[in-house]
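Multiple structures follow.
Two complexes follow with chain A in common, the first pairing it with chain B and the second with chain C.
Our next item is the complex of A and B:
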């Protein structure tokens, strides 16, 4: 019995030794696209100030995105996006808190595709989402990219009838992050 | 004995799992996020760069052009035969350009007195939120107007500069909430040529205006100027306009009733002759279409 306990404790120690610590970025790139065939202009916004932290030991992954950071090619579209659609003053941040599966694989260099599940909070509404993350591990850095679809209605973002056919009802969101080790 | 050991073992196991579970609930973002809110300019106090007639505290985004058509029909009291004024129209066409986020320029031409105008609007400080927030936007607008009508008195010696008038104003505005914005606009108009020797070349006025948002894309607007020393008290009165703004994608429609005919600062501040109490009021609209003329560079 003692042996078993020692083995368990040893496993626990090994487990924490394997824990690769935490990784983060403050310049994650997120691209939001709601362009349709009928859109007269590209409905696309980019922010490069997303904050993300990954705990490589537990697979816990969290994002925080300042909505104001989203910039459009068209200044007026940007204003309308913030004022009327996502209401950036009222809801300044979007967050994602989730779980990346199979993080133990990330100990070695290579390219991995791992499923992620979690909750996206945006515009005052929270929805469960899941997608696959492509992670490229090289040395101490991890390059993570993922794409998912966000139906605007799920987040209580209303589209006025006048522009209904010029805007996609479901936006595609692309996330690109270069994660670096976080030193506590 | 075995049972006790088993118990300890299970407790240990569950403790390990509990520890792990706890770690997963940890707020990782706290580790990297600064709590300092960034300074942010307060935007969308008004939907357009004019409340109705008066310049608003809003600016065009850099690289955009705003093409506006401002229209004032005839007076409502003209009756049904004139379709309550709709048979007549006075118009100003204008092109405004956003240069930087605090600077815009514009040119326009009005049918009233066949007048050309040009102006700039610059804000040294903008209302902001976050760290080192500032409560109001302070902007300066200044411009000139050029009357191109034939000389009233061709016999006397006429100078080109006599066609010109200038305006300067300070715009102090604040967006109090998502729905309410208010603005004070002290204005000075300078005429190079005035009708009589007794008339002052400088006319002072105090403008007030605001908007109340009734829905996301729909607001109630008003603007008024109190003219301190009128060109001619028997003829001219204070301009008052009330109306609504409707925003539809790239357009802003402003529909309103106003007692002024002219639509540049010189004309509406100093030469408004309609009286609201005699229904000498005109229906009018401003139509604004914004074009992105310069692609924004990626940073």
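Our next item is the complex of A and C:
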């Protein structure tokens, strides 16, 4: 009987230790900006429904983002974005799979800047990207922010000549996530 | 003869103004609020999840970008930044759910919503995130409102 209890306790310990290593969000904020000097107004969209998981032990980081979640202020811009540019119904999801380096530092409270490398897949194309992630660790939460540039042509997003000078050829993408420990 | 030219000019002027107005309003058109949008589908939370779980591609084509009126049991109320809320619908013990990002008109001032309540929510479907990250699977609805 004692043995069984010990085994069960040990299993619990192992399980909780593993769970401690993972952090997640289901409400990550991603801002897409393709504004140029020639743009008559901001070409900007925001989604707050990005899903992300970070394994703080291995540094594995994954994102899953629904393209339709991107909302513009202007209805026409939003329609063109979803219907003509990223084709949100045909390619509903963008994903990122990568590796955050130096994650062992995240065990202590503080602000860190860590390099991240990985592959971004969207609109049927996959490209390697790398950038730096700023991580603020406080208690059990991690606030992660990163910015990177995405050339639209890399993802087979064609810009018609008529609006070519009003849209940036390379969009800036800002990611902001408040990651919480994953309990299971 | 002069009269003819005059009426043609007036006609052109009206056409140009009309076209200009159309371009102007279309260009400045804001996204329609969800309250003004009529639902394309009315469905229960469990049927909605079943549609995505049994055939994601088919369900993507059917629901993405469409307005859906879904009724189900409120699993959790999550408070986000700037007083925005996410209401999560689904079975308490299941890992799959429907996450409804509420629009700015939803304030939950008096905290009248309780977990376990049955609610009707109208929103635009963004799609489905399958359980490949170990977080359970979710249908995501864009800006949503509660329908009484």
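Of note:
Methods note: the second predicted complex is superposed on the first by the 164 of 184 C-alpha atoms of A that agree within 3 Å, B and C clash if a C-alpha of one lies under 4 Å from a C-alpha of the other, contacts with A are read in each partner's own complex, and residues count from 1 in each chain.
We take it that a contact is a pair of C-beta atoms (placed from the backbone, for glycine too) under 8 Å apart; a residue touches a chain by one contact, two chains touch by 3 or more.
Just so it is clear, the structure is predicted and the values come from calculations on it, not from any experiment.
On the superposed chain A, the positions of chain B and chain C overlap enough to count as a clash. With both structures placed on the common chain, the touch criterion links A:51 to chain B and to chain C.
In the superposition on chain A, A:162 makes contact with chain B only, not with chain C. Contact with neither chain B nor chain C is seen for A:42 once the two complexes are overlaid on the shared chain. Once the two complexes are laid over each other on the shared chain, residue contacts for A:127 go to neither chain B nor chain C. Once the two complexes are laid over each other on the shared chain, residue contacts for A:60 go to chain B alone; chain C is not touched. Once chain A of one complex is fitted onto chain A of the other, the partner contacts of A:27 are limited to chain C, with no touch recorded for chain B.
Applying the stated contact rule after C-alpha superposition, one finds that A:68 touches each of chain B and chain C. Once the two structures are overlaid, the count of chain A residues touched is higher for B than for its counterpart among chain B and chain C.
In the superposition on chain A, A:80 makes contact with chain B only, while chain C stays out of contact range.
Once the two complexes are overlaid on the shared chain, A:182 sits against chain B and chain C alike. Clashing C-alpha atoms between chain B and chain C turn up only in stretch 22-30, chosen from 22-30, 148-156, 184-192 or 238-246, once the structures are aligned on chain A. Once the two complexes are overlaid on chain A, the chain A residues touched by chain B in the first and by chain C in the second are 22, 24, 26, 51, 53, 62, 64, 66, 68, 71-76, 78, 82, 89, 182.
For chain A in complex with chain B, the residues that touch the partner chain are 1, 4-5, 8-9, 12, 22, 24, 26, 46, 51, 53-55, 57-62, 64, 66, 68, 71-76, 78-80, 82-84, 89-90, 95, 99, 160, 162-163, 166, 182, 184.
Of all residues in chain B, those touching chain A in their complex are 2, 5-6, 8-9, 12-13, 16, 20, 23-24, 26-29, 31-33, 38, 40, 43-44, 60-64, 98, 178, 216-217, 247-250, 290, 292, 295-296, 298. Residues of chain C touching chain A in their complex: 26-32, 60-61, 64-65, 78, 80-81, 84, 86, 99, 101, 124-129, 132-135, 138, 140, 142-143.
For chain A in complex with chain C, the residues that touch the partner chain are 22, 24, 26-27, 29, 48-49, 51, 53, 62, 64, 66-69, 71-76, 78, 82, 88-89, 92-93, 182.
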